[in-house]
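Each of the two complexes below includes chain A, the first together with chain B, the second together with chain C.
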Partner chain A sequence: MQKLVVIGAGMASGRVLEHLFEQAPDAYEVTLFNAEARGNYNRIMLSPVLSGEKSYAEIVTHDDDWYNGNKVTCRFGESVVGIDRARKVVIGENGEVAYDKLLIGTGSAPFIIPVPGKDLPGVISYRDLDDTNAMIEASSKGGSAVVIGGGLLGLEAAAGLAQRGMDVTVLHLMGHLMERQLDEAAGYLLRKDLEGRGITVKTQASTKAILGEDKAEAVLLDSGETLPADLVVMAVGIRPETRLANDAGLTVGRGIEVSAQMQTSDPDVYAVGECVEFDGQLFGLVAPLYDQAKVVAAALLGEDGAFVPKELSTKLKVTGCDLFSAGDFAEGEGREDIVFRDPARGVYKRLVIEDNRLIGAVMYGDTADGNWFFGLIKDGTDIEEMRDTLIFGPSYQGGAAADPLSAVAALPLDAEICGCNGICKGTIVSAIEGGATDLGAIKATTKASASCGTCTGLVEQVLQVTLGDDFQMPASQAICGCTDLSHEDVRRLIKSQELKSQAAVWQELGWSTPNGCHVCRPAVNYYLLADWPLEYQDDPQSRFINERKHANIQKDGTFSVVPRMFGGMTTPDELRAIADAADKYKVPTVHVTGGQRIDLLGVKGEDLPAIWADLNAAGMVSGHAYAKGLRTVKTCVGKDHCRFGTQDSTGLGIQLEKKLWGSWTPHKVKLAVSGCPRNCAEATCKDIGVVCVDSGYQIGVAGAAGMDVKETERLAEARTEQEAIDLATAFMQLYRENAKYLDRPYKWVAKVGLDWVKERVVDDLEERAALIARFELSQTIYRKDPWAEEAESKSEQYQPLADLTLEAAE
Partner chain B sequence: MMEAMTDTEVRTFIEVTEYWVPEEGVLKLAGGNYGDLTEFKAASGQTSFAKGEGLPGMAWAEERPVVFKTLDPASFKRADAARAAGLTSAVAVPLFDGKALKAVLVVLCGDGEDRIGALEVWQSKDNLLMLEDGYYGAAKHFEFVSKHTHFPRGQGLPGAVWAANTPILMRDLGSSYGFVRSESAGQAGLTTGLGLPVPVPSGETFVLTLLSARGTPIARRFEIWDARAARVGKDGAAVLIDGICAREGRLWAAEAEEPRRAAAWQGLIGRVLGSGLPVVDQGVAGIAAGYENFVALPIHSKGEVSHIVAWYS
Partner chain C sequence: MSWLDIGDINDIPLRGARVIKTKVGCVALFRTAPDEVFATSDRCPHKGGPLNHGIVHGQSVTCPLHNWVFDLNTGQAQGADEGRIATYPVRVEDGRILIDTTKLAHRSAA
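Let's look at the complex of A and B:
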């Protein structure tokens, strides 16, 4: 009988032994080493053991009887210290064993991130039963746990610990959970589910250190935040355990390199499972391990067999979180997406198709067809014929798609439709029954949708629900092809449904694309940051290039740099610094703008951080000449110098600009303050224009002097400077909260009506104060100089990737 | 393999299980398991309940599970027969499909120093699950602890059921089940817990938990079947997703094993699936693993039978 020594009693080597004993029970005399003091158990079921939904007894695969019955010499709890290939012996802590064939199944070791405090008691990884028992033990005292890593293992640990009664926070370095298995939309739904069970999730969270005297007490993040932690679980990844193989001189790359027969560089030594590398690939899921096991058993019996890696699918073992992912779902040229969302049921499905073949599938909430899609991916089935109904799965029977009107139909008659005028659904339905069969007639008879207009879509849907085919919905005013919703609908829903991330918008509003497009993304990004300044993080990738680069790109690919000059005022020092910068960076053109600024034109992209730093050093900040935000406040010199001046127009201009700068708006906003009705600062064609008079300040809004030319309309007269600033600020915030993206204030005011604006900004003092408070809250985030931040932290991004000047023809 | 429950002949915690269905405006007995209590069975067969009347009628009218820890003739119609049969407490669980009542399940228990187990009703208040009421037999200390425990979403068996909105089976209660109760659960000998959501028309959250002890088990085999189309396809079948049996060990399917599947009207689970009603039966063919008694409840959610829980003794 030949001697087989197996190192590691894991699931892969266990499966090899099963095959071996099934086919040739007397072929080998087997010695099994295992560093853990127990035999083979189903490691992938450790998570339910942690949560309490399974017991260890249930997940034992091979018990003592099995090992005895198959005459396996078990050396459990004994580490192997070396392999002597020349003598063909394995050296255990308690002595040597000779082998004819050796199988290495040492599995993997958890990756421990090298931060201070990683070795403190209370910091554990999550790989085996001992780790699981340590977590169960720790959780029995309650307290807080921090799980580092938002992948499969980390989330299962988090859910289990939460179920055991701990306060759990998951830290994940990437932007969304399980980013290797899920796209952003599915990651969003998963996060929502986990948060629903009391788990705090922090993405883009990088661990700096684990704090504590003689045991873990807290986790310190790069952001400076400290999270209390009685238990820290590291679940950031695994690496193949190759030490023994390495010491034995076998060929080792990232893992132990094996042939398709699972043979290492020594023909008498095989390796299987998570410790191997085949064709550059590593393996962590159980399905390929079982395939490998079959091949190893065949090879040990001298039979043919070859390991062929297959497509893998993923499921998360957290009761109540139903997700499925398989194949490749990265976006790419030539790939098409089919997306299905059912916001009410929390369902998201996305199929990725390339060359009429399904290559990837991600599903959340409804995973019944996962295996069918997985089959299509594995088999490379041509899906052209069923493309249109593919997403509905194999049992598609022509069922109707979800009816977008059903929500409106379900509204009770006393549900308010038009918030401005307090009109409820019943009133509108009565008006329709009374003969008002289009939007105009409804506006005329009920006043619904006659004020701000944000409920227009709803009123039309009530018409549609009530009249059916008799009412033709007006041509689509959708933002873009990704959705049927209008800008107004999206703004309203972002507020009412408290949608605070792009992923939330895409999912809850049923976007037909995975991540929006170049049209909707900037708008949605703006709406989110305007409505949720604290919760939502601005996404530079959803901005036009000028806003991304914090400079206006010119037609030759260079940029223009405009420092802010509050109220159009400057000093000799500032002018000198500008002149020095122009010299130093060989700025070819220096221009004085219509908004009383100095524009340095022709700055090279890679010089931007340096020129900003120089201007910063002289006390200047970005003029936001590139932004959908506050551009300039232009002033005249006012009563200090001008004999006609009635007030301190420059002083007011500076105050306004200091208050408003940095805020993002639906479109650019320009202000001016003139010291008298002669209006040298041209305040009467600005978005907000103040004209000083003897009695105070005339506040005009909604002017224009571009493609359209329009005089401002009088919003109010202010008696004091403070009142003027308050009115301007409140108007700005109302515009920020309500206008459609890329509508200048004059277009927006034309839609909602000046009266509607006045009611909120001028007449209702409480509302005015609330608008100002919300503006200030937003400014705590956005009243910051982007130049300073960029120059400091991201200057490498401004280095050229390639010499684009050669393509200047574009 | 199974340590949680032993297979010895002992009295079970629950003496009687029956279910009542609405017919012509009243609740009529549709099935039950009365063991040797033939007189109580006969008394029950002659009874019906109007909405609001008696224990089943109260569960119907108030649209929530109801616990009676004493069987007072003023509120419990069959009090005399119950006393004669040694029954001292009862729990009624209404099974709603949306707004429609499908059935009311009633379980009755007897007293005794050795009767350990728990039937608990948890209700969410202020975003926490609080014990609405419960019957614990002789597990008095555990009862005391439970009354002073609440569960946030996701924590403990009740919180996990709430968060996942699915029935959940937990093992080794002495070392799990939320850190607060595990110690006293262990002391009381409670080993296995089944928690299930009880949907009601008001949308309020109720979770029912059945905690089984080794000495006087509620059942010796528990099963949870998933019947949601979103999980198992649109052909109206159910698959066994979790289970534990004193005779057969684990019932869930490991990797690369096919889970057990039941189509509508196929076997006892199929009967629940097809009818949308509970099945309570004894001594009939088709009860798994040679058990005598069988109870299965459908949970209705979003217009379908979403799950079935079953227990055997």
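Let's look at the complex of A and C:
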């Protein structure tokens, strides 16, 4: 009888032994090493063990009876220290064993991120039963757990720990969870489900250190945030465990390289499972491992067999969240997407099509058709004929060619159209027959689409189906081609549905593109940061270049730099620093702007961080001359110098600018303060203009001096400087919260009416105070100098990534 | 083909771009939401706008100067605008960006 030694009692090598004993029980005398002090169990089921739904005994695959019955010599709990291929022996801690054939199934090792504190007690990975038991024990004391890694394993750990009563936070380096298996939209839904279960999810969170004296106590993030943690679980990924193979001189790439017969570079040594690399691929899911096991068993018995990697689908259950992904769902040349979203049910489906064939699918919330789609992917079925209804799954196929309206026409009368108000199709049809022939009338008579508004399109289709040609689809004022919703709709829905991320907007409002376009994305980014200053993180990549690079791009690709001069006041020192900077960076043009600032034009993009640092050093901050935000407060010199001046106009201008600077607004905002009605600061054509008089301050708003010229309208008269500042601040906040992106205040006021504004800003003192409080809250995030931040932490982004002009030509 | 490692994928902001200097002029490297990387000429054929400063959406970029939109796969201008930017072979391997330098070596190649 030949001698077979197996290193590692995992699921792949276990399956090899099963095949072997089934086909030729007497072919080999087997010795099985396992570093863990136990035999083969079903690792996939560790999550139910962690959550308490199963016990270890229930997940054992091979028990002592099985090993005894097959006469396997078990050396469990004993590490293998080496393989001597020349003598054909495996060296265990307790002695050598000779082999004729050797099978390596060492599996994979968790990747431990190299941060300080990674070796503290209380920091564990999640690979085997010991890890699971450690987590169960830690959770029995309650407290906080931080899981590093938002992939499948990390989320399973998080869900299990949360179920056991711990306060769990998941940290994920990437922008959305499970980015390998899911696209952003599905990742967003998964996150929402987990948050619904009390798990905190932080994406783009990079771990800096694990803190603690004798044990883990907290996790420190790159952002400076500290999260308390009695338990830290590292689940950032795995890598093939190849150390033994390496030391033995076998060919090892990322994994142990094997042939299609699972043979390593030594013909008497086989490898199977997560430790192998075949044809450049690594394997982590169980299906290919079982295929490999079959091949290994055949090879050991001298039979033919070849391992062929198959197209894989993943149907994952992160404790109750239904998700499915298969094939290739990256965007690519010649690929088209079909996207279906049902926000109310939390359903998202995306199909990727290339050359009339389905090549990828991602689904969340409703994965019933997953296998059917997977079949289409594997078989390469031509889907041209059924393309229009493909996304609705197999039950919709084989009928007549689909009319886009036929789905609505086919709905039974008791089908619910408006989920918020529970309005079914029949109610709407009766209302239409009763004379409600447009959307407004339907809203008024039935309440359908009168709440969240996401069913508006459906209601319109019911109108169209019922009325036929008598119905005119309303002219769309959609933001852009990515959505049918108007700016106003989107703003309202972001507030009412509490949408706090871009992914939430795309999903819940049914966007037709993966991440918007240059028209809608800056608008949505603004709406989110204005409505959720604390929750939403401003996204520079959703801003126009000027706001991303904090400078105005010029027609030749250079930039202009304008330092802030509060209230239009400056000093000789500031002027000297500006002059020095202009010399040092060879600024070709220096210009005085209409807003009383100095503009340095023609600065090279690479020089921006350096010139900012110089200006910062002289005490100046960004003038936001590029921003849809507060630009300038222009002033006259006021009563300090002018014989006509009635108040301290420069002082008020400085106070206003110090209060308002840094805030983002739907469009740029310019202010002025004039010290008397002669109005030298031209305050009566500004977005907000203050004209000082003997008795106090006249506050005007909604002026314009651009493409349109318009005098301000009187908002109120203030008795004190403080009241003037309060009125201006409250007006600013009302504008921030309500205006359409790229509407200047005068356009917005024309739409809502000055009376509506006065009611909130002037008459209702409580509302005024609330507006000011919300403005201040937002300013705690945004009233800071972007130049200083960029110059300090992001300056390398302003440089070319590489300079290949210096490379020798090949 | 001659692949040159020019940096880590994380050197490019997600849905953003960076520029590299080459003998054929500046080349913009774009990183899309699903972590694909594309390389094209940095110069908009309309008025020479620096495309690396544009907004990246889907697999397109919008020129910062006058909102021309280019498909990053083909370099073709979208919609009513007519024009094309050069595209260059680039790939990502283990998080590193590799660019094919053969087309970047000589001005005549552009």
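Note that in this section the second predicted complex is superposed on the first by the 715 of 810 C-alpha atoms of A that agree within 3 Å, B and C clash if a C-alpha of one lies under 4 Å from a C-alpha of the other, contacts with A are read in each partner's own complex, and residues count from 1 in each chain.
Heads up, the rule we're going with is that a residue touches a chain if its C-beta (ideal position, glycine included) is under 8 Å from a C-beta of that chain, and two chains touch if they have at least 3 such contacts.
Values in this document were obtained by computation on a predicted structure and should not be read as measured data.
Contact with chain C, but none with chain B, is seen for A:Pro540 once the two complexes are overlaid on the shared chain.
Touch criterion met: A:Glu333 reaches chain C, while chain B stays clear of it. Of the two partner chains placed by superposition, A:Ala444 touches none, neither chain B nor chain C.
Of the two partner chains placed by the overlay, only chain C lies in contact with A:Glu184; chain B stays clear of it. In the superposition on chain A, A:Thr367 makes contact with chain B only, while chain C stays out of contact range.
In the superposed model, A:Ile44 makes contact with chain B only, not with chain C. Look at A:Asn515: by the touch rule set out above, it reaches chain C but stays clear of chain B.
In the three-chain superposition model, chain A touches chain B and chain C at no common residue.
Across the complex, chain C is touched by residues 175, 179, 183-184, 330-334, 513-518, 521-522, 539-545, 548-549, 553, 555-557, 605, 797, 800-805, 807, 809-810 of chain A.
Looking at the complex, you find that chain C touches chain A at residues 2, 4, 6-7, 11-16, 18-23, 26, 29, 32-36, 47-50, 53-60, 62, 64-65, 67, 69, 73-74, 101-102, 104-106. Across the interface of their complex, chain B is touched by residues 42, 44-45, 51-55, 57-58, 60, 63, 136, 139-142, 159, 162-166, 196-199, 286-287, 290, 319-322, 345, 347, 365-369, 393, 395 of chain A. The touching residues of chain B, counted against chain A in their complex, run 1-4, 152-157, 159-160, 163-166, 168-173, 175-180, 182, 228-235, 242, 244, 249-250, 252, 254-256, 302.
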